[in-house]
Amino acid sequence: MENNGNTAILKIHCPDRSGIVARVTDFINLHHGNIISVDQHVDHGDNLFSMRVSWDLTEFNLPREEIASTFQKFLGEPYNMKWTLNFTDEIPRMAIFVSRASHCLYDLLARYQSGEFRVEIPVIIGNHTTLEPVAKQFGIKFVHVPITAETKAEQEKLELEILKEHDVDFVVLARYMQVLSQDFINHYPENVINIHHSFLPAFAGAKPYHAAHKRGVKIIGATSHYVTSDLDAGPIIEQDINRITHHDSIKTLIQKGKDIEKIVLSRAVKAHIEHKTLVYKNRTIIFN
Amino acid sequence: MENNGNTAILKIHCPDRSGIVARVTDFINLHHGNIISVDQHVDHGDNLFSMRVSWDLTEFNLPREEIASTFQKFLGEPYNMKWTLNFTDEIPRMAIFVSRASHCLYDLLARYQSGEFRVEIPVIIGNHTTLEPVAKQFGIKFVHVPITAETKAEQEKLELEILKEHDVDFVVLARYMQVLSQDFINHYPENVINIHHSFLPAFAGAKPYHAAHKRGVKIIGATSHYVTSDLDAGPIIEQDINRITHHDSIKTLIQKGKDIEKIVLSRAVKAHIEHKTLVYKNRTIIFN
Amino acid sequence: MENNGNTAILKIHCPDRSGIVARVTDFINLHHGNIISVDQHVDHGDNLFSMRVSWDLTEFNLPREEIASTFQKFLGEPYNMKWTLNFTDEIPRMAIFVSRASHCLYDLLARYQSGEFRVEIPVIIGNHTTLEPVAKQFGIKFVHVPITAETKAEQEKLELEILKEHDVDFVVLARYMQVLSQDFINHYPENVINIHHSFLPAFAGAKPYHAAHKRGVKIIGATSHYVTSDLDAGPIIEQDINRITHHDSIKTLIQKGKDIEKIVLSRAVKAHIEHKTLVYKNRTIIFN
Amino acid sequence: MENNGNTAILKIHCPDRSGIVARVTDFINLHHGNIISVDQHVDHGDNLFSMRVSWDLTEFNLPREEIASTFQKFLGEPYNMKWTLNFTDEIPRMAIFVSRASHCLYDLLARYQSGEFRVEIPVIIGNHTTLEPVAKQFGIKFVHVPITAETKAEQEKLELEILKEHDVDFVVLARYMQVLSQDFINHYPENVINIHHSFLPAFAGAKPYHAAHKRGVKIIGATSHYVTSDLDAGPIIEQDINRITHHDSIKTLIQKGKDIEKIVLSRAVKAHIEHKTLVYKNRTIIFN
């Protein structure tokens, strides 16, 4: 029995109508699924229903390959749902893009290696070689893909090939200092996660700590978001902040900021891995 | 039509079984209730299901006086539920107990007067007269009930009479510096809300800021909880904190603490008024 | 002896040179002043020294009226200092400008009335009459100065007259929904304090909570700053934030935001009253 | 010239008297030291003065080996100071003690390897071998020193020998699950740093997340402190917190707690390395 000990995770969004939660949980109960968690949200302004439900498949009496089609027929179609179905024995494959800053990379790799992230990391791509030793240290393949304005198009093509070759599901930009083209992003919609080193929408763009220092803010932050064609304007997954004072120089801002960046990015990556994020209208719902 | 524009709020907890959310939302849908919000939680460790659901009664086709009995018959009884049903046109009546510190009282009364709290405040009871002018300023009756070790039993009886006379549903201890007897608490189970000026369980008891200063903590906090017979050990509704430094004296700790206390207490009171709290096993669930 | 029980507060900034702290504290010690607090900061990037020192005047052997001239001669002049000298028996006089939102006004007045703010509040000016009852309740004069695009210039003149008449030292905009003219601000440089209901520089301008909701941020904030001619761009005194989720509507953002706004504004006002703020290069130093 | 590009850091505490800051900065100026930072604090309750001052030694005209004796003669002795003098070219040597949990170790080693910590780490000691691969990965010697109740005394002796052999200045307990004896601590007074996985003094002792879950707190925390003979009661260096909800199980508390623990521990270690901590009366002063 293939489902043994495995869990299904269903994410749904659709126009709000009464009774959707009941219909979905009925569907699962009817087939002897043991519901583990349900979280739902209705945006009344947008009349949008969204839901994440997970259930134990041990005694579920629909064969796994029929779940999707059955669900679509009885619920997806009638309720005009957009939905995704995942199983916890399908380990997502994540690539990390880096430049020179190491703090986010270390944090991601430590969580990966200690088993906190249920993920595979087949490859790390860097536009510099600075972090190749870190990748090696954690036993992960590192590919150097230098990028200049002239080579960008072809190098992105190369990157896409590397990702395809390694069967990558999603990409994490761990302080990767290159802007991805629209074409690249189109290959991984809602599957490229960035960390921006400011509390967006404040200080979008380059050198946010310099800008924060100049503006004299009393709090700095970091923002993890899905990458869209609009730079630093994609759907926000997670943000956090830290208090600063007039004693802080740009140097100490950068230092303090690193701690926020790595935690915020890792929380966002974890939510993504666990299928707890849902994007709509350039915002996210983060399920429990 | 009595239900016009009114909302029903149902809070449930019971042993977890599959399908409860479906049954409850079906019940509401069946009677043409328009669900406004659903929040549910399952504690798998305790196998406990809990849920808060609110719905618009405008087109609900059960007369209000039959909702409770019908629900009990079809769902409450079969699922062994503990549940409460409230309607938003029933404005809860809240009494405030005070001693000398004014900050929480001001904050509660400002929210009350500006309409943030959907509540009636028929009476403020003080064991000192210090805050009588504040009560007067906001046009609320103030009763002075001094308490000594000797007079405590009879004075609590007096307080209970005052509460009864004013038809009080719940009591807020706004930095009230007297310990209530078990007998008093028994009259208002899960309906007496206290603010303790520390991050419980740290610094329970008297003079927590002195204790915090002596211990050299780097963060202070405040805790709002339901009062039980076990001092400072009741179910926590809300907590918050503020960073401090070695520059802080006991005096500035007290000052900074006041801001946390009043916000934490007011958040807890708001959650209570809106029927968003549920107590079990000396913990709380705070619904969305 | 006029100085009895009184404290002097000196704030200095000047080009950094070695030995300034020593010179200043020597000056105070030499005249038998008992130093209560010293806080200093050097911005090495800007080569700027700043310092706040307070001392007990009980045994200070310079007559109060000679302190300024003596200090200027021996230290201010030679070190090219900008400095201010205040005495704690000079209670600053603060006017509050309001529109319709009451939360900041209540918070300021409660602190004033309970003695937390060492300040006089001779007058509250509103461009609406909504909050006149609140002013009355706290026994403070309220003047209605309605403003339209056409009447703005003359009405500001009227406001300035009212402030002059009441000998006002500084103005607090407690969610006052009018932009002050450059001319008005020039009358109170670094003495008009605003609260903006966002985490600046994010969401400057109108309706920040609507903008925050649309952008899908996970944290909201508030910013108190000195008003300059550049809207929402003045030197920031204090900021704070609160976490939100996708469950939050614009309505609940506004509600949660109020708690941050009032605390942030009151902290800023307190720092200003206690002469703990120093502005330079559109930033602030907030002394201990 | 041996002092080239080097910085001296002086930490002082003594009974408060007027003019100490002036005397100390005069001393440095007199010998042509260029002051980089000064931070001072007076605890008026305890009449205790404390200060940290750092200065560039490039043009300092006292030979390094005479600084201490000269300072002691002219200032330390007369003012009854306790003081320490450090130079930034003396890299402190830190040992890490671990058991099985890896998150703090990874965080410390990533900072070490990326150059954030100006420190040497000659050895990691584990009472389990679980983390030996992590030590190896970062190229650091790992010594397995298993400990049982029976072997504790002799094994601690072994640990002390290892520390001595590696010339260790201070020890970091990175979730080391053994209580150190008084004798061990006596070898490294104010030089053993622990991370406790709760907001002390709440939930001292074993299994704090289990206790926090049972108590139903709304916020969890972590505390880094110097180890003293009184378990979990030493001087607190740093604390931080994270909000939780009723959705959190013990498992997710532990997970969320790890992020706080590692950041809090690393901040404390950084403060220690940079000679920014000063202990008195079981509290700490953390200088800027």
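Here the chain labels run A, B, C and D in written order, and each chain numbers its own residues starting at 1.
One rule holds for everything that comes next: a contact is a pair of C-beta atoms (placed from the backbone, for glycine too) under 8 Å apart; a residue touches a chain by one contact, two chains touch by 3 or more.
A quick map from chain label to UniProt name: A, B, C, D = Formyltetrahydrofolate deformylase.
What you see is a predicted model, and the numbers here were worked out from it, not measured in a lab.
In this structure, the chain pairs C-D and A-C differ in their number of contacting C-beta pairs, and the larger number is found at A-C. Put simply, the chain farthest from subunit D by mean CA position is B.
Computed centre separation for the pair subunit C/subunit D is 38 angstrom, with centres defined by C-alpha atoms.
Remark: subunit A and subunit C have CA centroids separated by 42 Å (rounded to whole angstrom). In subunit B, the residues that touch at least two other chains are 44, 247.
Those residues of subunit C that touch subunit B in the shared complex are 102-103, 106-107, 110, 113-114, 116, 134, 137-138, 247, 255, 258-259, 263, 266-267, 288.
Considering their complex, residues 41, 43-45, 199-203, 215-219, 221, 235-241, 245-247, 249-250, 281-286 of subunit A touch subunit C. Taken in their complex, subunit B has these residues touching subunit A: 18-19, 21-23, 25-26, 28-29, 34-38, 40, 42, 44, 243.
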